[in-house]
Amino acid sequence: MTTRSSPLLSAARYLALALYLGFALFPLYWLLKIALTPDQLIYTEGTRMLPTLTTLENFRTVVFQTPFLSYFRNSLVVSLGTAAVTTLIAAGAGYAFSRFRFRGKKLIIGLMLVTQMFPLLMIIAPIYKMVAALGMLNSLTSLIIVYTAFNIPFATFLMQSFFDGIPRDLEEAAMMDGCTRFQALRKVVFPLTLPGLGATLGFVFTAAWSELLFALMLINSNETMTFPVGLLTFVSKFSVDWGQMMAAGVLALIPSCIFFIFIQRYLVQGLTSGAVKG
Amino acid sequence: MARMELRNVRKSYGSVEVLRDIDLDIDDGEFIVLVGPSGCGKSTLLRMIAGLEPISGGDFLIDGERMNDVRPRDRDIAMVFQSYALYPHMDVARNMGFSMEIRGAPAEERARRVAEAARTLGLDTLLQRLPKELSGGQRQRVAMGRAIIRDPRAFLFDEPLSNLDAALRVEMRLEIARLHQRLGTTMIYVTHDQVEALTLADRIVVLDGGDIQQVGSPLDLYERPANRFVARFIGSPTMNVVPATGAAGGVRLADGARIALPHLGDAGNAVELGIRPEHIDVVGAGAGDLEATAELVEHLGSDTNVYAQVDGLGPMMVRVHGNIAARAGDRLGLKIQARNAHVFAADGTALRRAERSA
Amino acid sequence: MNVRTPTTVAPGETRARSPLYWRYAVEPFVYLSPAVILITLVMLVPLVVGISYSFQSIAILNPLKTGWVGFDNYAALWSDGKFWTALGNTLWWTVASVTLQFGLGLGLALLLNRHFHFRRIVQALVFLPWAVPTFLSALTWAWLFNPVIGPIPHWLAALGILAEPENILGDPDLAMWGPIAANVWFGIPFFAITLLAALQSIPGDLYEAAEMDGASAWQCFTKITLPFLAPMIAITVMLRTIWIANFADLIFVMTGGGPANATQILSSYVFTTAFRKLDFGYASAIAVALLGLLLVYAAILLKIRQKFVKI
């Protein structure tokens, strides 16, 4: 914007950016550092910036001698399942909002907004009772269903904004060219929405991956614990195995980071248009 | 080949009526231009013909067959969109051949027809390009190629030239006219640009406020507009309209001037006089029907535009063929070519003129 | 345009809806129904049920005492000291978190809204905390505050802010700063992302015009940037405030509401009541109270917005 600025000002600007970077990255660095520090050194140099020795021992223990691999798998199943189902359903709803005028549209959008406003914890008790009544406590399916419902409104608004970005003319041209509406959707709209679908998948995956409280409530068997629940249980039981806990934490970070890198470029455009639009 | 009939066709969104009782017959091979200001419903009418917009009431027939409930894909009509609507993820060849692909035509036939159409449109070298790699004019050609490749029974054009610059617009206009001559297929063309309408159309349909104002050949509309709206909409520069009072054999203007209009049977209920800028002659001060001061004079070479302030009447534009020596501030006399004048009644309808002798 | 009243059906004219009409009318609901059904069953019905719970006694651990109790839960709430503490904590937690997140997020957005080397990579790294799962943010920050393995108590002691490197999360006077720090760390990217998008939508020639008019950098900021950002600020602050007031994860993981309820906010109180005590009736009453407060807040903010935001 402004073309000229004094060297002092730009130095201050870079310093500020560096501070932000440090603040953002230091906790993650610390997590990784402790995870890599051998057990016997944690108490003597726990607060040193750089460890004198590093080891992968903690990771090895976590992966092979604890149920974390199973937690990891459960979380992956839940998150991928939620992301896939949510994106599919939200794509349908977003398409309807973007392309059709119909009776009750405002009402449905309003209801979706309502679900974004009230404290989700309000429904934790009813959901627990419903799931228990269906005999679905401790099942990953119930988690997928619940998470899917939670994420549909946001994902729908997000998908709607992506569909809005695709000119209606294209579908109509396809229909003039001999497509049914569904064929037009499949051959013309779908290929163009791929980035949007990817971003939505990413958002929903990350959200499902980090959900803790409902998982705590609905799951208490070791076999179906998701990663957050497992890690928390682990922490409260073995609160001295710092290195192992942090190694587990680093592992939990990996899928989120992969998705984050994937969706990073859509963040600024996608999140805002999806989040703010009503 | 397609003969189209619209019978009392209506369109409404909820309680808002967009089009009312449209009756129109389109002959096979005719070039029809729908024209009107934005919001007049012309694009909606086109989209209803295409099948992209449901018809709220009335009947729409092609070759005698009722089309109201036929899906766009089954109407066998091609359409060129204002935005061209080229599929961004397909190259030019696939864009053009898409309709055949959907209908399951064999690949060789598709390739042959695409190559053929590309040759006529001068797109041979661009077949492997993506739409984003093309210029505006090239995209326009691809859009047309996509339409002609199907050999449909009718073409629809929705303001196809409005995204092009002026020079290209003229070129593509000629291209479309040539296409119509060559194919002889029914074409329906929507535009808000009356020059396009006048140059392309066999017949023009003027729409305003959801109603057909007039249907006729370009010359018809120019010479015998049915009402004040058509009179002012068709023709450039716009027709001058000034208040007038009907009198026997003519009208009396607000400044007291009396214009004899012998070709009109009775101008008794006239309230306005309309005269096109090119139908006013500039004469010496005191020698014309009206006295005026030139406020601004534009020399265009072939013509001269004079923006005049008429005493007792207000502004009026005059176009004179060739160059005249008038300058801003000059006093002029204006002579109205009475046989080219139009008069309008209070409801805006033009008073019928007797048949012209010359 | 003269809009006529809708024409009535002329005699003899059929008004039967065509198949195409039905196709157009029904099609959107085909695409919508899975979403609507799922949201209704999993969110809206439980919401109503949850509200009804607040008028019942539903304690799983005490199955004999089940049934409608009218406003008993609310009466208990009124005389529950923990509720009032949690209410105060909720205010403090929300205001501090939103203010810091917004201020720092705006600063970051302004810094990122200009060209410099490695901008893309810096932006990606600085937004990274947003991708970190909340439970992990909570654990990481809890560990950072831990005097055994975390550096923060030692730094604060070295700066003279703390007398000795004690556990901040164990000190009732300071404990709230732990979750707030984690929340600010986690939430800056949200504000930075949304505000950056809004900044990028301000037409650049406005600044050029202002510069031609002789505006200083500060004037540009207050006369152009802020007014343009105002609608986005209003909506993000409102949504974020509600979200943070409801956000119990960090507190639950870091302190569990302790020590001595010093960090208990209403939403974490809802969760611990439901999760630990399985007292669903009382938990729902707290949740309804929280919802009521949020509604009042949203209504006030919308009123203010109507008054001040012109664009």
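By written order: A, B and C. Residues from 1 in each chain.
As a working rule, a contact is a pair of C-beta atoms (placed from the backbone, for glycine too) under 8 Å apart; a residue touches a chain by one contact, two chains touch by 3 or more.
Just so we're clear, the structure is a prediction, and the values are computed from it rather than from any experiment.
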Over the chains that touch one another, what is the least number of steps taking chain A to chain B?
1
Note, CA centroid farthest from chain A's centroid sits on chain B
Taking the mean of the C-alpha atoms as each chain's centre, how many Å separate chain B from chain C?
55
Just curious, how far off is chain C from chain A if you go by their C-alpha centres, in Å?
16
Where chain C touches two or more other chains simultaneously, the residues are 24
Junction residues of chain B - those touching two or more other chains:
71
Interface with chain B, chain A side, in the complex: residues 101, 167, 169-170, 172-180, 183, 187-188, 191-192
Flag every residue of chain C that touches chain A in the complex, lowest number first.
24-25, 27-32, 34-36, 38-39, 41-47, 49-51, 53, 58, 104, 107-108, 111, 113-114, 116, 122-137, 139-141, 143-144, 148-151, 154, 185, 188-189, 193-194, 196-198, 200, 204, 207, 211, 217, 220, 232, 235-236, 239, 242, 245-246, 248-249, 252-253, 267, 270-271, 274-275, 280, 283-284, 287-288, 290-291, 294, 298
Under the stated contact criterion, what part of chain A meets chain C in this complex?
1-2, 13-14, 16-17, 20-21, 23-25, 27-28, 30-31, 34, 42-43, 46-47, 49, 89-90, 92-93, 95-96, 99-100, 102, 105, 108, 111-112, 114-130, 145-146, 148-150, 152-153, 156, 181, 206, 209-210, 212-213, 216-217, 228, 231-232, 235, 242, 245-246, 249, 252-253, 256-257, 259-261, 264, 267-269, 271-273, 275-276
Where on chain B does chain A make contact in their complex?
13, 47, 50-52, 71-73, 77-79, 81-83, 85-89, 98-99, 102-103, 146, 150
